[in-house]
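Please go over the structures that come below.
First subunit A sits with subunit B, and in the next complex the same chain sits with subunit C.
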Partner chain A sequence: MSDGQLPAFSEDGLRQVLQEMESLFEQNQADVNEAKVGGRADLIPSIKLRHCCLLRNQRCILAYLYDRLLRIRALRWEYGSVLPATVRFHMSAEELTWFSQYKKSLASFMRSVGGAEGLDITQDMKPPKSLYIQVRCLKDHGEFEIDDGTVVLLKKNSQVREQEERTASGEKTGSGHPDVRPFCPQHFLPRWKCEQLIRQGVLEHVLS
Partner chain B sequence: MSDAASDDGSDINQDDTQEELMTPAELIGKLEEAWLNEKFSPELLENKSEVVECVMEQLTHMEDNLQRVKKGDAKAGIHRMEIDRIRFMLSSYLRSRLQKIEKFFPHVLERQNSRKAGEPSLLSPEEFSFAKEYYANTESYLRVVALRRMPSNLQSVDMLKAVPEPCLDSFVFLRVKERQENILVEPETDDQREYVVDLEEGSQHLMRYRTIAPLVSSGAVQLI
Partner chain C sequence: MDTQSYLPVQPGVGMEENFLSLDDILLSQERLPARTECAFPRLGFLEKSTDNPDIVEGTKMELPLWLSKGLYDRKRRVLSVELPKVYREGWRTVFNADPNVVDLHKMGPYYYGLGSQMLHFDCPENTEIGQTLLQTFIGRFRRNMDSSQNAYNEDTSALVERLDTLEKALFRSGQSGLNSFQSWEKGQASQITASALVLNYRKRKITDMQQ
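Entry: the complex of A and B
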């Protein structure tokens, strides 16, 4: 579990550790009685040992659960508020509840920034380097409207190519140049609009 | 910037007798300082919600202006870039804070709750809600999934002990804005002795955060 991916929730593993804790505790209960009533002070070291094991098991369980929560939290920032089905499949019901609550808290917070409509701080993850970026469309996404009203059809293998933005004097304002390969669909779109689509894998940033 | 001067948030502080007028450039300068300090500090710093509010107002103002600019005008591109840059700084600032709130959540709440009256608040009201919700959500999850299925003497966990605290002894780079004399530097190891340094204005240093923490909040040094 070292690569940031979320494997399936180990219900079995958790259950085994909890069962071990229960059995250690019961043994300790019995020994504590023996020690108190039967005067068996020689049992005390094993009682202490079992108690240490119990504490360690508690720590391990909590570490496992909390580590998963941190990965799930990272998913909200990576993928947005709708998780891919493959990821959801690996989450337990309680984890889904936690995620849903976390989403809500985050949304509340973002909405409250500044007082008007708030600020989506899951956008603008990188410092802006250029106004427009060149993107290639990897999946069908339908129509996409940009600020000046033009609608771009994002379609895999579409033959439509977008004009570069030009200023009144005819100079190019953006970076890069149109790709010369005729069969790859390219679009030259405002960067801030594309961020989320790039993260979701719908568009690919072309670095030329 | 081409916009006229705007008020800062001094109408929020009712006890100010004078209104401080900050130019937009000064406001963005303050945002940049707050952003860098928060980014490089190991612990959560005091909230600067007046700055955040004013910057948001400024951004709205700039967006409105941009709508009125003729399409295809060269100025529009430059203004757009400026808006994007400011929005990035603001988002990054708020993200830094949120990440620290989440990472150190029991300690952040403890610090906030133990603030005395009159001391500036660590968290904005919205951050405070977020922190409390995060704590409740996480604690509830751990209790339901694991803790309540454990033996009776292990069903609770002290969050303050379980979650690590920020490391205030981490080293930070700083630039001195106001000259400081006789700053006491604690020894790191047993065979070192404590000593004092003077920090000259404009000089840059690499020091343990703990030594200069109060200077960051007073604005005497800037983390870089």
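Entry: the complex of A and C
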């Protein structure tokens, strides 16, 4: 999993480790009492060994939880603030809480920087060369409204359209519009609007 | 530059391990031949060859590194650790002769890591081990660096298979530097790309649905 993916949270694994730690601890407690009261100092190496095992389990659990948090943090930067359901399914309840708190911290930091409006530091991950960029639509994404009011329908193999009718969910209407043309599926859109969609694989940045 | 959002904890350098580093945890899982210098009552179940309820003094066992480090005491009453074959006299002369020939992945994938950790146990050959590790690394470094900086857009498995984990990590960072430079040369450095993470999730979802 070195590519940063988040696998499902292993509740079972964690529970087994915690159970093992409990039983090791109980055995050690019993041996410590016996060593102190019964004078059996020869039990001390065994106590030490069990203690090493406890420390090892603790280290493994902490590293597991910490690594998952690092992956979840990466999700905020790659996916944005709304995670798809498949990913959320892989997170435990505590991790979801952590994610929403991280989002809040990041948002309040971004608001505090850069004057009245704040600064979105999750934008412009690569140095921008122009305000508007050419994009090609790879997947159907429904409607997309730009600041000047024009509405663009993002659909594979479609042209730039205005004022399309919305369906209830805002998704594209069903099968083909009458004048869909399979060529020239490119749009010229403001950079800051598209960056998220490009990173999510909906649009493709076309260099001319 | 391909910006990485997932930054895992790096392995420690030299004799130090990083507590939260997954690589170091895997490294410390490697087994070492050891001999107990005292008895361990009630732990006989760990030693599968006898039915004794206790581990007797003088038993030879293979213990993982983390346990050996934890139990080892300078006064040597508890454990004495032997060097694995790869760090002994015989193999050391092979490494000194020609470091480039050796398959370090087979010699335990954590050759440098484990070797550095062996310095925790006061073996009499510590200085020689340190020397050999250093010389092997220096000897192999030039070739690894050249191959990582020049293998563009090709299958590198033949180059990488004889490298130890430390060298593999260096190779990977060399490759990523090379790829970034090439994409900059082509003028693609300012092209916003889909996040690799997102694409991987999509691919996995598709394969999951196909199963």
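Criterion: the second predicted complex is superposed on the first by the 167 of 208 C-alpha atoms of A that agree within 3 Å, B and C clash if a C-alpha of one lies under 4 Å from a C-alpha of the other, contacts with A are read in each partner's own complex, and residues count from 1 in each chain.
By our rule, a residue touches a chain if its C-beta (ideal position, glycine included) is under 8 Å from a C-beta of that chain, and two chains touch if they have at least 3 such contacts.
On a predicted model such as this, the values are computed, not experimentally measured, just so you know.
Colleague: Should A:60 be classified as contacting the first partner (subunit B), the second (subunit C), both, or neither?
Modeller: Touch status of A:60: second partner only.
Colleague: Quick one: classify A:199 as touching subunit B (first), subunit C (second), both or neither.
Modeller: Only subunit C; A:199 stays clear of subunit B.
Colleague: Should A:116 be classified as contacting the first partner (subunit B), the second (subunit C), both, or neither?
Modeller: A:116 contacts subunit B only, not subunit C.
Colleague: Which partner does A:102 reach: the first (subunit B), the second (subunit C), both, or neither?
Modeller: First partner only.
Colleague: For A:22, decide between first (touching subunit B), second (touching subunit C), both and neither.
Modeller: Only subunit B is touched by A:22; subunit C is not.
Colleague: Considering only the touch criterion stated at the top, classify A:131 as touching first (subunit B), second (subunit C), both, or neither.
Modeller: first
Colleague: Under the stated touch criterion, which partner chain does A:87 make contact with: subunit B (first), subunit C (second), both, or neither?
Modeller: A:87 sits against subunit C, while subunit B stays out of touch.
Colleague: Which of the two partners, first being subunit B and second being subunit C, lies in contact with A:8: first, second, both, or neither?
Modeller: neither
Colleague: In the superposed arrangement, does A:31 touch subunit B (first), subunit C (second), both or neither?
Modeller: In the superposed model, A:31 contacts subunit C only, not subunit B.
Colleague: Please identify the positions on subunit A that touch both subunit B and subunit C, taking each partner from its own complex.
Modeller: 55, 62, 66, 73, 125-128
Colleague: Within the complex, which stretch of subunit A touches subunit B?
Modeller: It is residues 14, 18, 21-22, 25, 54-55, 58, 61-62, 65-66, 69, 73, 92, 94-95, 97-98, 101-102, 105-106, 108-109, 112-116, 119-121, 123-128, 131, 148, 165-169, 173, 191-192 of subunit A that touch subunit B.
Colleague: Quick check: in the complex, which residue numbers of subunit C touch subunit A?
Modeller: 3-9, 19-22, 25, 38-43, 66-67, 70-71, 78, 187-202, 204-205
Colleague: If we count contacts the way the header does, which residues on subunit B are in touch with subunit A in the complex?
Modeller: On the subunit B side, the touching residues are 52-53, 55-57, 59-60, 71-74, 77, 80-81, 84-85, 87-88, 90-92, 94-95, 98, 102, 126-127, 129-130, 133-134, 137-138, 141-142, 144-146, 149-151, 153-154, 157, 162.
Colleague: Any idea which subunit A residues touch subunit C in the complex?
Modeller: 2-5, 31, 42-43, 45-46, 48-49, 51-53, 55-56, 59-60, 62-63, 66-67, 70-71, 73-75, 77-79, 84, 86-87, 125-129, 133, 194-195, 198-201, 204-205, 207
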